[in-house]
Amino acid sequence: MRLATALAACAIAGLVLAPAPWLVSDFALSLTLSCLMYVGLAVSWAMFSGATNYLSLATAAFFGIGAYVTAWGHGTLPYAVAVPLGGLAAALFAAAIGAAVLHLRGAYFAVITFGLGELVRHAITYGEKTWARTVGRVISDPPATETVYLVVLALALAAVATAAAVRASRFGLALAGVGSDEERARTLGVNTRLVKTGGFALAAFFAGALGAAVAVRWTYIEPASVFNPFIGFQTVLIAMVGGAHTLAGPIASAVVFSVLTELLRLQFPYAYLIVLGALLILLVLYLPGGLASLLERWKWRQRHA
Amino acid sequence: MGFWLELIASGLITGGIYALVAIGLNLQYGLMRIMNISHGEFLMLGAYLTWLAHTFAGVNPLAFLPVVALALFGAGLLVYRLCFRRIARTSPAVELIEARSLLVGFGLMYLVQNAAYLVWGADLRGYSFLAEPVEIMGARFTGNRLAAFGFAVAASLFLIAVLRWTLVGKAVRAMMQSPAGAQLVGIDTAVLHPVVFGAGLALAGVAGGLLSMVYEITPAMGEPYTVTALIVITLGGLGSAAGCLAGGLLLGVVEALGMHFTSPSLKMLLSYAVFIAVLLARPKGLFAR
Amino acid sequence: MPEPVLSARAVTVRFGGLVACDGVDLDVRAGELVGLIGPNGAGKTTFFHALSGVLAPDAGRLIVGGADLTGRPAHVFARHGVARTFQTPRVFRDMTALENVRFGMEFAGRSRVHAHDAFDDPQAILGFLGLGEAAAVPAGALTPARQRLLEIGMALAARPRVLLLDEVAAGLTHAELEASAALIRRVRDELGVAVVWIEHAVRVLMDQVERVAVLHQGRKIADGDPRAVARDPAVVEAYLGEEIEPQRLAA
């Protein structure tokens, strides 16, 4: 039932948001695009990391891999092929590293996923310099803004729908079991290794596809900008603030943060990040369940009043 | 002869700094499960404090090190009191302490780094100190690099000695092995945790002060050192200060050799490759039995 | 005699220099109710870890329903019909009691069938355990004693052919214990599920089982009828210095 509600909400959101390129200003469109991108990133991150408590800092790596699929394929691969291919490349990368590092837990897992992302960035930087004799790539003749917008919209909605479907499925139950007590889940018949690797790869697919889709908006692609750790941190922050174990929490907080970022980051770059840092600390200390936990607490009180 | 000595020694010099940064982080993680990803930012603060003292008051950077250590120790007590104490008290499981302290660490990183940008700007800052070359057995080093190496290793050895032979050091080691047992024999975490956290930041600050004599400094200088410190901890083993010293020196030499024989732009790639290889092959550290 | 459903052959588990299980043999047949006792540190729980695939033994073989599962991960053991509880109850704290039971049915229990369908409904299982009214309560909010019962329900939902119970009595009232013992007997009688039951309260256990095996310092020192085992000199020797006098074993 909840799944049906979520899917209906996705369909309605799609119908409402699809005509935006022909109705709103360029600035509002770019703002919406940014919101949608972070909705997709945060929801897919929470789908795996929120459920399993495996704190992945590899989002920037997946995103960057997707972006480079676009960059390398530019001129030969059509946009409609590059986007899913970017997602697949990221998912394959995630499955490969997941098989190797998903036995590590806690801070070690977080740090190694971050390290692997940096490794990919440095490897691409080095490879481009050595073999392609370039530090970045120019995207000439990108697809129309309307196309990019619709593709990102479709990806964000697909991420939400997938997350809703996963939550309602056996696969989602297995992920939650891993997050709660991995060994217990194993003794009840869950192949935790497979489940974790699959979940990690599925989340990576969306990050990679979004990277591939958005990359064409930048005229110049270089490792430092597409593997920007800020994208990864911002994703984690959004999901945690919203409540990583919920579906609606990350969506709401993605919208709030994207708007704030777009409005404030250019004018007050340092002050904005200082506030962001302080906010993250305060939230972890005083509201570790995210904003969604406030709502849950309120609902609980209503019921028990 | 001179060439090899120069190459290996330059690796050891960088490695000494790595060790100093890593020991503090390792103690914090080993004792409290706090993965303070903002460790390098406090190194950066140490560097800026030293630069300020030298540039505006003409203070000798080496003589200023105790002040830096004390200031960062104080900052550590404050940060522990404001952030990590609450996490330790309210988290039901060790895993949650790790995850939450990691996120708070990211918050601190944003906060401190961007505050530094706001105050000092993004320009490279530096000063000249003991810049004359010294010749040893046919190899040439600047005086400041030798001094940085000497002080880094001395500070690391001092800490290892403290851990091994003093009462506080024994308490810390007991606590790492068995928190419950240590509490039973009357070791007070309410004192020990903030003190060790502060000591970790003090070491980072000293490392920053030493670095400011050798390199130009920026608000972003700390981040790579955090990552390097994590690599060194992985090499040296969790909770082992002596392992950190050995791991730091080793990584410094590996980097120096690797960069010389391949290309300087491979430096980060090399360190990450070493890190990931060690973490996968020997997750308990190179020196674990 | 029928084929054993679970067969441990010379199972050895070492922790560094310590040998926690030293060449332990155990055959369990369908419908058997076997007690496993031993003084503190005898290796009972370690042996369970090996039987359920949580720990891979350093030597020996483990055969479940004719299939050699030595060295396979725990989920394979579960899918071959080995279900267990833990000494300190391990439930999914954020899920409701009902979801906890459903979990077992969705994974290990999915590809397996019980002899009949009395235990095929999560709500019915909760009812048998006296947890019927707690179905919607998050498992973490239950008392430890009730979490212990819930674990039995999770294990039953996995539709096992052998059930490994690591301490059931701790923290239960006499009535609750009677109820769960009755349930365990019923599972055994109606479904033919084999049960291996570790209990620290030896007397309680002796009343319930028809066969008991004794571990001491990692070795099996006795295996057979409870009355005979209680009089075994090696067993009496092992229990000397424990709080339970040997006379009471026989009582």
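All chains are identified by letter, namely A, B and C, in their written order; residue positions are counted from 1 within each chain.
By definition in this document, contacts are C-beta pairs under 8 Å (C-beta built on N, C-alpha and C of every residue); 3 or more make two chains touch, one makes a residue touch a chain.
Just so you know, these numbers come straight off a predicted model, no measurement behind them.
Novice: Determine the shape of the graph in which chains are vertices and touching pairs are edges (line, ring, star, complete, other).
Specialist: Shape = line; chains linked end to end, path left open.
Novice: Taking each chain's centre as the mean of its C-alpha atoms, which one lies nearest the mean of all protein C-alpha atoms here?
Specialist: Smallest offset from the overall C-alpha mean is found for A.
Novice: Roughly how many whole angstrom separate the Cα centroids of chain A and chain C?
Specialist: Measuring from centre to centre gives 43 Å for this pair.
Novice: Between chain A and chain B, what is the separation of their C-alpha centroids in Å?
Specialist: 32
Novice: State, to the nearest whole Å, the distance from the C-alpha centre of chain B to the C-alpha centre of chain C.
Specialist: One centre to the other, that is 49 Å.
Novice: Touching residues of chain A toward chain B in the complex: what are they?
Specialist: 53, 55, 100-101, 104-108, 110-112, 115-116, 118-119, 122-123, 125-126, 129, 233, 236-237, 240, 269-271, 273-274, 276-281, 284-285, 288
Novice: Inside the complex, what are the residues of chain C that reach chain A?
Specialist: On the chain C side, the touching residues are 52-54, 73-75, 77-79, 83-84, 86, 90-95, 99, 102-104, 106-110, 154, 158.
Novice: Flag every residue of chain B that touches chain A in the complex, lowest number first.
Specialist: 29, 33, 35, 37, 83, 86-87, 90, 94-96, 98-104, 106-115, 117-118, 227, 230, 263, 265-266, 268-269, 272-273, 275-276, 279-280, 283
Novice: What part of chain A is in contact with chain C in the complex they form?
Specialist: Counting only chain A, the residues touching chain C are 170, 173-174, 176-177, 180-181, 183-193.
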